[in-house]
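Sending over a structure as structure tokens; questions will come in a sec.
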Amino acid sequence: MKTAIRTQYTLSELVHGLEVTLKGDPTCVIEGVSPIQQAQPGHVTFLTNRLYSKHLASTQAAAVILSAADAEHCPVNAIISSNPYYTYSQIAAFFTHPTAVEAGVHPSAIIGNDSAIDPSASIGAHCVIGRHVKIGANVVIGPGCVVGDFSEIGEATQLDAKVTVYHRIKIGKRVRMASGVVIGGDGFGFANQKGVWHKVPQLGSVEIGDDVDIGANTTIDRGAIENTVIENGVKLDNLVQIGHNVKIGANTLICGCTGVAGSTVIGKNCIIAGASNINGHITITDNVIITGNTGVEKSITEPGIYSSGVVGVVTNQEFRKNNARFYRLENLMHRVKTLESTLKMLTEGKAS
Amino acid sequence: MKTAIRTQYTLSELVHGLEVTLKGDPTCVIEGVSPIQQAQPGHVTFLTNRLYSKHLASTQAAAVILSAADAEHCPVNAIISSNPYYTYSQIAAFFTHPTAVEAGVHPSAIIGNDSAIDPSASIGAHCVIGRHVKIGANVVIGPGCVVGDFSEIGEATQLDAKVTVYHRIKIGKRVRMASGVVIGGDGFGFANQKGVWHKVPQLGSVEIGDDVDIGANTTIDRGAIENTVIENGVKLDNLVQIGHNVKIGANTLICGCTGVAGSTVIGKNCIIAGASNINGHITITDNVIITGNTGVEKSITEPGIYSSGVVGVVTNQEFRKNNARFYRLENLMHRVKTLESTLKMLTEGKAS
Amino acid sequence: MKTAIRTQYTLSELVHGLEVTLKGDPTCVIEGVSPIQQAQPGHVTFLTNRLYSKHLASTQAAAVILSAADAEHCPVNAIISSNPYYTYSQIAAFFTHPTAVEAGVHPSAIIGNDSAIDPSASIGAHCVIGRHVKIGANVVIGPGCVVGDFSEIGEATQLDAKVTVYHRIKIGKRVRMASGVVIGGDGFGFANQKGVWHKVPQLGSVEIGDDVDIGANTTIDRGAIENTVIENGVKLDNLVQIGHNVKIGANTLICGCTGVAGSTVIGKNCIIAGASNINGHITITDNVIITGNTGVEKSITEPGIYSSGVVGVVTNQEFRKNNARFYRLENLMHRVKTLESTLKMLTEGKAS
């Protein structure tokens, strides 16, 4: 059953079928990938971020994946691509260490009645799968996962260790969830009656499309009435919180530590940088970019790049001065107003 | 053992015993709940948020729960309530799908010596319960939970899958914890001696009152000397962090992605909106509302609504201009000061 | 096998070998530790935070750990230290309740082939340990942990319940990880090709040094090409996110709810307060302090204290005025400019 893992490829093997131009020696043997500033002989590297351009001239790599413009300055074999990072992702795939996974249900896993698990699927040790669950072909469920009653997991989806999928959740194909993800916990809904909070039943579910990635310890709540919906190709980083009833459009990407409050609708092809917080009950249209640490308090109706707050790390001393000035703004405005009236009297006095 | 789940109720059944006025047909049959803008025939919906008022006239719902004022414009059966959201929570409870739970300890669960588990409690698969643990009547502990030595869990409390309760923790009655919650990890206390951080023993515990709700992957640290205390009726959303020694007063509600640093005391009946961060060693009095994304750096001694920072998402271009202006404030102040002295000289010159 | 837990010590026993001066009765019997404002007779307390000085005069404690300056006002036994908090951490260690841990592998744990587990290590119930794993002497792995293939855990390291360590991760000695920690999930790397995000293989690992502490539900991603590196003595609080390729220097401390984006390098002996967010691809030098809730968008090259944004919680009414003023800054600048030119004309007119 063992397959020897291949560790060497020629450049021509690596670029076979890719939309790239190879400038240099196609028989050059590659044994791995490295970052450009620390690349080793026999390794391939890539250049996409301007911050690292300075390392090109002195790179020890055997080959560099880069744009046509950068290729002019490349001292070694060049793999020229209109999208070097994408090309890198394709070439790096040759050097992954696949983890051995055996099909079948681990003897320590607990499987509820009336569940249908495809024989090609792998259910890890100490998993607890509920009743009436459907698990598709080639699904891999890591150790210690819990899948609730009536949930469905599409083919080739991979849950790492200790993912929780609550009951009646629908997950698409080729989805990846890192460890500690929680899908379908009750949304945060409470009605206040005479000072006491009463739980509002959370009757919706979560629908996750195909090719979605979800990072470690990220949480997605089930809907209150409607479902929470994560469309195809969405990518969520670690420690992201998605509130109940939220809809996230296809191919939108949300970076770590971001929270999206309930009932908000985010469009397709958006990028939301890290540590942002998105208000509830708003709509963000397609093709919006939100820079890091932005609070989005209202709907965004036009594509574009958006930000909020005051950004710029400074010394605490400078910061204190800035803060003081900010809180003296009203005073400043009054002084300007006074200046304006005084000056007006003065000029009018002169004119008279 | 099976109970057929009832799926239809007349309006009069649904409002029986509630403090509401039914305007319309009490025999109307209801099969579910929907949001107002997508309500289906045979469903009941509710109107509480001004943002959704425009959907009232055209709703397809069989009945709407709303205020007396809104009821005048209701085209269908009206369930008139002074607190429509609370009434909705009561009616929606008819349409929950209860998950089947069997009393008793799952054979795969590991139970330590000298623990007392009420026979009506349910301990899920692969749970690990320590020694000297007390688990009350009708407690439901989901699969994969861990409860440490000497901890106590009050009656009718429900832990979803993979909750961790450390040792010597006391949890009240009717508490609900979503998957991934961690109660009682060591507080973040280190003493720096000659550049090296030494762990400060965390000798306190966590006390959680009755009717507390805790969202997915939220963490509450045990106290350093005193206990961390979460009073009755507190509601915590997902990914909230509560530091050691914190006290949270009864019926306070904290939304997702908020952190409360150590030794801070928060009063009763507060609402802290999402992504806020509360400094350590401060006190927030009762009945305080903190708007979203607020940094609370100092104590708040009067009830009211509080905020911080600069809020308002704008285009990145506008944001860059704002940022630049902010950092030119000192320059602006100097210019105003110069204007003031020049004008003073000028007017005094004139006067003389 | 049982050891009676000792609960009483004389002051002279407690300070034996410590660099302190005891002023008072060395035979005084101590039974526990308390906070200064609530200290009980027979307890020792400490004074390090100015906020609590007012409680010294009336403390009921049997002894107080404090500085020489404060000792002058101490009404009870004084343990005088140049670093009272560190001294407290040493004395408090006498009063910890050690949790009983048995060496060996729990029968319910699943251990992969070719793994080497030291006989003195303890592997808890329902753990899943992969193949080719090395676990050192006196390691304690709590219930429900998962350790992936080829990972190594150094001696005396302690994983609390339900920690996930992915494959090929290297963890040092005396490391502590709280429940729910996830080490080595894939970094957040996707290449966009024609609107679709393609996963970039994450080929690096995570290296964690000795004496590192990691709080509950914190996540550390594996590197994309290089490893993510956490050096010796680093302390991370709960719900912290460390992106791929990040390096954190020795003895740096990061408080809760902070995110560090990918490929950033943080120096040694830094303190990053809670809810901060650190941009990717930047460098923060040694001995930097970042105050709470700071966004660090660019590299910091000089030691010092840094902050960002506008801080200061105010009433929502005041906040709205501030916000409005901020967005009128451009208008204010124009008005000042107009004043300047008018005044210039006026004074030049006068001069002529």
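Things worth noting here:
As written, the chains take the letters A, B and C, and residue 1 is the first residue of each chain.
We take it that contacts are C-beta pairs under 8 Å (C-beta built on N, C-alpha and C of every residue); 3 or more make two chains touch, one makes a residue touch a chain.
The shown structure was predicted, so the numbers you read here are calculated from the model rather than taken from an experiment.
The angle of the rotation carrying subunit A onto subunit C, fitted on C-alpha atoms and rounded to the nearest 5, is 120°. Counting the residue numbers that touch the partner chain, subunit B and subunit C have less than half of them in common. If each chain is reduced to the centroid of its CA atoms, subunit B and subunit C end up 25 Å from each other.
Across the assembly, subunit B contributes 108, 126, 144, 162, 180, 217, 239, 257, 309-312, 322, 326, 329, 332, 336, 339, 343, 346 as residues in contact with two or more other chains.
In the complex of the two chains, the subunit B residues touching subunit C come out as 108, 110, 126, 128, 131, 144, 146, 148-149, 162, 164, 166-168, 180, 182, 185-186, 188-193, 195-201, 203, 217, 219, 221, 225-226, 239, 241, 243, 245, 257, 259, 261, 277, 279, 281, 289-291, 294-298, 300, 304-312, 321-322, 325-326, 328-329, 332, 335-336, 339, 342-343, 346, 349. Residues 33-35, 38, 49, 51, 83, 85-86, 88-90, 92-93, 95-97, 99-100, 106, 108, 124-126, 142-144, 160-162, 176, 178-180, 213, 215-217, 233, 235, 237-239, 251, 253, 255-257, 269, 274-275, 292-293, 309-317, 319-320, 322-323, 326-327, 329-330, 332-333, 336, 339-340, 343, 346-347, 350 of subunit A are the ones that touch subunit C when the two sit in their complex.
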